[in-house]
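Please find the structures below.
Paired with chain B in one complex and with chain C in the other, chain A is shared by the two complexes that follow.
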Partner chain A sequence: MKRALWLLNGLVLLYLLAPIIVVIATSFGTTAYPVFPPQGFTLKWFVNFWSTPELRESLRISAAISTTSTTLATVIGTFSALALARTRLRGKTVLSAVLLSPILFPAIVLALALLIAFQRVGLAQTFPGLVLAHVLLTTPFVVRLVMASAAEFDPSLEEAAQNLGAGWWRIFARITLPLILPGILAGAVFAFIMSFDELVVTLLLSGPALQTLPIRIFNYVQYSSDPTISAISTCLIVAWLIVGIPAYARLMSVRHQGGA
Partner chain B sequence: MAYLVLRNLTKTYGHTAVVHGLDLSVDAGEFVSLLGPSGCGKTTILRMIAGFVTATAGEVWIKDRNVTQLPPNRRNVGLVFQNYALFPHMTARANIEFGLKSHHVNAADMSERVGTVLGLVGLSSYVNRYPRELSGGQQQRVALARVLALKPDLLLFDEPLSNLDAKLRVQMRQEIRRVQREVGVTALFVTHDQEEAMTMADRIVVLEHGRIGQVGSPAEVYDRPRTRFVADFIGTSNFFEGGVMPAGNCHIFRCNSGLEFEVDSKLADLNASTVSVRPEKIEFVSPGTPRSFPGVVQEVTQLGPTVEYLVILDSGDRVVMEEQKRPRTAHRQVGDAVSITWHSTDTVFLQS
Partner chain C sequence: MRQKVAWLLLAPNLGLLFFAMLGPLALLARISLKGYESGHGIVETWQLSNYSKFLFDPFYREVLWGTLLLGAEVTVVCLVLGFPLAHALSQSRGWKRSTLYFCILMPLLTSTVVRTFGWMILLANNGFINRTLTALHFIHAPLRLMYNRTGVVIALAEVLLPFMVLALDTALLNISTSIYEAARNLGASSVRIFLRITLPLSLPGIVSGCVLVFTGALSAFVTPTLIAGARVKVMSTLIYQQAMMLLDWPFGAAVAFIMLVTILLLFGASMRLSEQRREA
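Here is the complex of A and B:
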């Protein structure tokens, strides 16, 4: 029975990992289209990625949008989470549901709604517009993760700090912030990945001059099939392994503790 | 004016009054215990003094200064929390330094003050440990040192011993008292544990539903409880219902059960309908002794150094008495016919 379960687990894992392994493998192949198993070994697709101006520009745009939106989402999300974790207002459940609702909406619906709204105020196809959309999409995750940290936080610590003569800023900077920092960092990493990876909403709101990396990849595969895309994917996978996995582990551990 | 004065202090939540017009004066250097069951408002009073709860009405004066409207960080009052509330991401030393840094104490002064309080609470070798690496008693000492370092005008304790095991609790009572005397700071100690209040406090304030039931020294509160609530909450009491009446040149108390006993005329309150007698004031006497009451032992409970008996008197009254174990003396058995008595001055008249 136990052995059968292990076997099943192994198969599921293989099913999940196989495409990733194939992508990584093909990015080193010498053929002009992805072949598995790869033939030969080359780094030229990586070089190609780096030396194609549009791709580099897309990477820059993506990085700028993700960094800006993550910063905003983290700040907004952290304060919202703290407020939600503390108030005993009756509207708390409703407010919390509203804040988390972008997670539940189909992305395409949200994208259309934003497109219509942004066109009216001239934010469509602009950098601030895209940042705003990404903030909307990622803030709920920050709220969720910081709320989990804030729930573990003992409010008498803030009272103790105040009793010891500290003002609100000192209490926040020296007591509250350090103790909920794991949640904030996990939220920020999560928000960054979400934003960097976002395609549906971005596709509708971005213009020709504002092509993020996912959009560029999306367009690239429509007329070309060389393994440059595989090389880009490999870079993203490596980056994900370095920052994403730890953040994900944190999210999971929070869920296991039931402290949501 | 007294050192700490609470004047008509009141707190209501909606229509529920938690603290009703409380008046209390505490002298400098005094150790006063606020004693009462849960929900009597004792913690709310403490939190109003610390500034975490805004008083609905009334004033708090500390050292001739009205602090009622001051925020908690400007009251110079040290609060020791029930769960200690030590900062988990800071060492014991950093916990103590936190308050000093908040008050912009310079480095030299700071290390001297930290040294002093660590010596005071006997913690010098643990300064670099984190709270999770300290035992409950050690955490308690850090919490105490942390507030003492600020030289507070007033020390507040919110049931600080309730998370410790029995033996350590007794030890920490003495520790806290010793430190408080050494520093000479005025202290207010909230507890629901009457033994804690009795052993530690100079004065006990017994609280009942947000009102003062009685204020007095531990001996006064125990030996001369003012109300049935106080007599019942602190220790064990036998209650008798009835009325006082003159009998020749003395007074007797006639219970509704028909039991009659002589009471001290000087102490007698002619309006009282309830009197109480402490179990240890009652003793066995040989049958037929004047002013004694016959009865039968119903229950015997061993309490260690003493034995507790439940005696059913012939009048039907149930009396609990406690007898000290003595050398070469056998104690009574269930079913024994006995006679009991107590001295007239040990009958306490309670206000109804």
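Here is the complex of A and C:
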């Protein structure tokens, strides 16, 4: 019974990891289209990714959008989290629900709403429009992670500093900020990954001049099959694993506390 | 901190929500009540025809029904495969738990487009699954796993499985170990312990996991598009097609609102369900 359960779980894990294993494996194969298990070994698809001008351009656009929107989302989200966690505000529960609400909507619904609105004010198919949409989608994650950090620490630390005559800026810079910094960093990492991988909203709002990397992958795989896509994917998988696992573990522990 | 400071800190975020979410959603609602003529574009009249078109045309009702069915199938697959895994995760400690946790987080950190691409390689007519089954003489002609619902269910369940496992893990961790010890001391069999303790006490986790997966499947766009193309139409691909290819924004907006209401009703129903359980 116990052995059968372990076997079943092993198969489920294999199912869960299968597409990732396949993508990584096919990025090293020598055949002209992705074949699993791969034949031979080559790095030419990685070279191809780097030497194709349109792919490099897409990487640049994606990086620019993600960096800008992450910076804005981190500042806006941290402000909100501080206001919610460190003050006695009435209707806090409702407010935090409102702030977290953008992640509840199906992406395609928000995407169409934003397209209709942005078309009116001339933000559709522009860089600022895409950044604004990404800030909307990623700020909730920053709010959630920073709120958890801010709720963890003892408010008497701030009171003690105040009693000793420290000004509000000094209190913020020397006590509050260092204590919530892990939450801010985790939130920023999370926002960056979310923004970099976002496809649906970006697909509707970006014009031909703003093809992000996920859009490029989405279009490629619909009409052709090329191991270069596997190579790009492998780069993304490895990059997100390195920066993302600590942030994700933190988000999950937050969710766990919230559920308890 | 004083109230004024708090509102000042909240101002940028509230402004963002107002201009980039509330406003656009209001415009979406408004445009769903407008008419559309091909060649002329949006007609400035107030009408409910977009909604009645969706609800009375059997083709569109079929799309809604097919989407709900897909969501139900994916949810069942995730629950059946996710429960044993979540149980093992909640029971393990130390490096075992870390390793399992890592294996479940890794797919979540990989974008849906990338994972769906992996499934395309696996599910194709001459893909790994079909070639393996043919080599083992299980089948003679390749199974059709792409461009149909089967493929979408296989890939979408994989995409959403981590959410189910993590929701169940949270619920299972909340069950105190002393309850298990007491049951075992009183001579309960492991089947009885599972049916009388584990299952009822993890019900909140089952409900929240199912809601997460079901709503995720209803709003999925990338996986159905890439795996099934135009063969399987779901709500999100219908919205995309209407809005981006036929440029019929009013009808696309109406479909978007019908989808939104469906999801909100589901959320409401699941909340009622968990509240009733708490009272009982």
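Basically, the second predicted complex is superposed on the first by the 245 of 260 C-alpha atoms of A that agree within 3 Å, B and C clash if a C-alpha of one lies under 4 Å from a C-alpha of the other, contacts with A are read in each partner's own complex, and residues count from 1 in each chain.
Throughout what follows, contacts are C-beta pairs under 8 Å (C-beta built on N, C-alpha and C of every residue); 3 or more make two chains touch, one makes a residue touch a chain.
Because the structure is predicted, anything quoted here is derived from the model rather than measured.
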Superposition on chain A - do chain B and chain C clash or fit: fit
Chain B versus chain C as contact partner of A:Ile175, first or second or both or neither: first
Chain A residues touched - chain C or chain B, whichever exceeds: C
Contacts of A:Gln162 with chain B and chain C, given as first, second, both or neither: first
Spatial angle chain C-chain A-chain B, Cα centroids [nearest 10 degrees]: 100
Which of chain B and chain C A:Asp154 touches, first, second, both or neither: first
Distance in angstrom between the closest Cα atoms of chain C and chain B, superposition on A: 10
Common ground on chain A, meaning residues reached by chain C in one complex and by chain B in the other: none
Chain A-facing residues of chain C, complex: 1-3, 5-7, 9-10, 12-13, 16-17, 20-21, 23-25, 27-28, 31, 81-82, 84-85, 88, 100-122, 127-128, 155, 158, 161-162, 166, 170-171, 173-174, 190, 215, 218-219, 221-222, 225-226, 229, 236, 239-240, 243-244, 249, 252-253, 256-257, 259-260, 263, 267
Complex contact set, residues of chain B against chain A: 50, 52, 71-74, 76-79, 81, 83, 85-89, 98-99, 102-103, 146-147, 150
Contact set on chain A toward chain B in their complex: 154, 156-157, 159-167, 170, 174-175, 178-179
Parts of chain A lying in touch with chain C, wherever the complex brings them together: 1, 5-6, 8-9, 12-13, 15-23, 26, 34-37, 75-77, 79-80, 82-84, 86-87, 89, 95, 98-99, 101-102, 104-110, 112-118, 120, 132-133, 135-136, 139, 143, 193, 197, 199-200, 204, 214, 217-218, 221-222, 225, 229-230, 233, 236-237, 240-241, 244-245, 248-249, 252, 255-256, 259-260
